[in-house]
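Shared chain: subunit A. Partners: subunit B in the first complex, subunit C in the second.
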Partner chain A sequence: MKSRRFDHVLLLVGLLLFWQLLYLVVGPNVLSSPWVTVARAAALLQTKAFWGHIASTGEGFALASIISVVAGVLLGLGLGLHRFSGDVADPMLGTLYSIPKITLYPIILLIFGLGLSAKVAFGVIHGIFPIAIFTMNAVRNVSPVYYRTARIMRLSPGSTVATMMLPAALPEILTGVRIGIALTLLGTLIGELFASTSGLGFALIRATDVHAVADIMAITMLLFVFAASVNGLIQLIEQRMRHNG
Partner chain B sequence: MMRWRFSRVGLVRTILIFGALAGLEILCRVGIIDRVTMIPPTEMVAALWNILETGQFNQDIVFTACNVLVASVLAVVLGFFIGAGLHALPRVRRPIEPLMSAYYAVPTFVFYPLLIVAFGVGRTALIVMGAMFGVVAMVVNTMLGLDHVPPVIAKTASILRLDPLRQLLLIRLPAAGPHLVTGIKLSVAYSVIGIVAGEFILATAGIGKRVSYAYDNFDNKTMYGMLLLLLLLIMIVNGILSAWEKRLHRRYGQR
Partner chain C sequence: MASNLDHITLRGITKVFPGNASHPDIHALGPIDLDIVRGEFFSVVGPSGCGKSTLLDVLAGLSRPTSGTAIFNGKTLAGTVPDGIGAVFQQDASFFWLNVWDNVAFGLRRRGVNGAEVKRRVDHALSFMGLSAFSNAFPAHLSGGMRQRVCIARTLVLEPQVLLLDEPFGALDQQTRLLMGDELLRLWRETGATIILITHALDEAAMLSDRVAVMSARPGRFIDIVATGWPSTRDSRIVSDEQFGVITGRVWASLREESILAMGVSQSPTKPEAP
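Moving on to the complex of A and B:
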């Protein structure tokens, strides 16, 4: 355990060193040094406007996540339980999942205009398909023995789903939800980059327009920390639920 | 029986897709969806046909295709060797792995403006962007693939006294095949995203550039035509790589 922590520290030092060296090579027009970036991030975090951007991103991300998870799980459950519909939808969902959603940005913009709805829509089209696909496969992979047991116990369809199928499929569904939420975050941020008037993505694109290198680096670093924490948190929840399940 | 079921699934799917397209067509024609938002699907196809027939954007199409090719090759080759290196150094790998899983949750192309400052507007910045976006998928899948190489095969390699590089290229690379193809597929997809996103933001040529230019000028015919072309190209490449992936998985699954 101790050596593992030591490795983490070593890696962090290595990354900072690499960053600093790269900075020395390419110069302040392209990168800001680690120290300047951290200082800039700290300064940004003390301004009220920046917290407004964070709140705006958080709102879009939360809405998009809720829609992705609820709609994705319901869609996946339906398609998983009805085999024929699942067979019909399977390759279609796969194709939709594999389309680089960024190519759709002009269409989303034309439909939703600038603002909250566009970035939520962007988040949802990123997140909903992996969640639906994972849920569908999870339901399909539930062992037939369980279904027979449920039949023997004469469970109603409702309680079969609630007491047998959902718990059996939950771990795989959670994996889908984790991937889906990470992609929803990406989608929301992309939406903000191209189609928004507030939020971290918007702050980033504005910093880009005036070429404020330290701002770009600081916001990117904060975004990375935020995304990594969200990812880590969901992974933690996933592990917890697996242990209990 | 099986065959009949399969074709019925296919039939329903086809009806569903064409039904959706027909519905969209009607909504657009009747005017419920206005022309500023979307043009009818048949007009999109006509616009695409017109673009291909006149050859007006051939240069842009070739520009994007070449950039994607170079960026994907870079991402795959670099990703493989970085992945193999990290696989050999578990102490470095362990702390780095969570960073990699967070990598695709951040829009990496926010670095694109910085790349423009470093390399100027043009090919190089786009290719570096695409490779940067694609490389991590390859690294992750290379490590996964090498994790799944059966120990017997690794032992055979050391019995044959191969040097590390040959062990990697002659024994482990083929044994990790299916995962590597998955890595290649994802790498190509991410390279496309990186490059097209870059072209959307700022570029001198390319499919993405044409789309964003048409968007800015309310030229919906060109925009939807080019978007359709882009989506078709992506689906074809993805389809080919997926078929290859499936074949490898089946072959290795039987072993």
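Moving on to the complex of A and C:
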């Protein structure tokens, strides 16, 4: 565990070095230096307007995540348990997962209008399919020997699902949730970039319009830190559940 | 002794898996007749794909025979698992999300056994299987042999009358298998359970069993049943006994032809050429 933490520090130092070098090469019109970026981020975090953007993105992202996870997991469980439905839905989910969702954005806007519901919807269509696919496969991949064991122990179907299938499938479901939440954040931010009046995506696009390089970099860095933290947290839970660390 | 006679009885058991447009029916098993007395250690050896596991499914009540009757303790098995049957499979069935102690306690908790009794039985089973020091370990940190011990302990705490073992040591190395065999014999003596062992290892069957049944290639039938005559106090050291070679030899003699059939070789190999 200690050496892994060391790896992370090494990676961070490497990234910062690369950033600084890149900055020296391309100049302040394109990038701000790590130090200026951190200082700018700290300054932004002291303004009320910026917290307004954070709250707006946070609200959209939280709503979209909850919908993606609940609906995705339920859909995946149903399809995983019912083999025929799963066989029918499998290629459809795969297609929905792989189409570039950005092409649906105009339609989403027409349906939901500008504002919160559009970006939530856009976040959800990014996150729900990977979660459903991972959950379905997690259920299908539960080793058949567990079901044989359940029958030999004369467990009821409900008990088999609750005490054997779900715990066996949970680590893989969490992998799906982790990927799904990362994509939900992506979807929410894309929603804000294109048509929104608030949120970090909106702040980012406005900073781009006025060529505020330090602002762009600071917002990007904060988003990066946030996404990496969420991902790391879920990964940690996942590892705990696999009990093989 | 009348109750011993109707402990496990198979009469004319067959199993046919129905085919479809592209596959013909598969006649997997039988007809098989068998009587197993209470407390017997009975092994079944046979070539791969001969229906050994299908037979075990029928014995466990996991699978309904196509024809014939299977009787356990006077009751006909009809595709439901009766009380008093435990099984350990070749594939690792330990629950990776539970530590060793909770793995072993699993079945008792599902049955609503009270906490003190669960603790008593689990602690006893763990110490019996030499797992006490690993109570808090998770399966991922244990070797394959240790995980099978966990599965055996998990079955033992439910105090089964019949223990069905489907190649439980198939994935283990030879030395571990011999030692696990010793533990199995100890467990058999102490619990008085009937053990039915499915295996492809002739030496394992010959060393452990009261009787060894040899199955034919598909559809699996018994072509020979060899009584070993071992004392119940036997252990793995009997592999150096002269009788061990005789038994293994007889089992192999019956099995050889069938294994060749099962491998898909159309005729017996020709005589070796003169040097």
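As a working rule, the second predicted complex is superposed on the first by the 216 of 245 C-alpha atoms of A that agree within 3 Å, B and C clash if a C-alpha of one lies under 4 Å from a C-alpha of the other, contacts with A are read in each partner's own complex, and residues count from 1 in each chain.
Here is the rule we go by: contacts are C-beta pairs under 8 Å (C-beta built on N, C-alpha and C of every residue); 3 or more make two chains touch, one makes a residue touch a chain.
Since the structure is predicted, the reported quantities are computational estimates derived from the model, not experimental observations.
With both structures placed on the common chain, the touch criterion links A:Pro106 to subunit B but leaves subunit C unconnected. By the touch criterion defined above, A:Thr163 lies against subunit C but remains apart from subunit B after alignment on the C-alpha atoms of chain A. Of the two partner chains placed around the shared chain by superposition, subunit C is the only one that A:Arg151 touches, whereas subunit B remains out of contact. When the two structures are aligned on the shared chain, A:Met241 is found in touch with subunit C, with no touch to subunit B. Shared-chain residue A:Ser143: touches subunit C; no touch with subunit B. In the superposed model, A:Trp51 makes contact with neither subunit B nor subunit C. Here subunit B and subunit C are compared by how many residues of subunit A each touches, and B touches more. No residue of subunit A lies in contact with both subunit B in one complex and subunit C in the other.
Within the complex formed with subunit B, the subunit A residues making contact are 4, 7-8, 10-11, 26, 29-31, 84, 87-88, 91-92, 95, 98-100, 102-107, 109-111, 182-183, 185-186, 189-190, 193-194, 201, 204, 208, 211, 213, 216, 219-220, 223-224, 227-228, 230-232. Of all residues in subunit B, those touching subunit A in their complex are 9, 12-13, 16-17, 36-38, 91-92, 94-96, 98-99, 101-102, 104-107, 110-111, 113-114, 117-118, 189, 192-193, 196-197, 200, 211-212, 215, 223, 227, 230-231, 234-235, 238, 242.
Taken in their complex, subunit A has these residues touching subunit C: 143-146, 148-149, 151-155, 159, 163-164, 167-168, 170, 241-244. Considering their complex, residues 60, 62, 81, 83, 85-87, 89, 91-93, 95-99, 106-107, 110, 138-141, 158 of subunit C touch subunit A.
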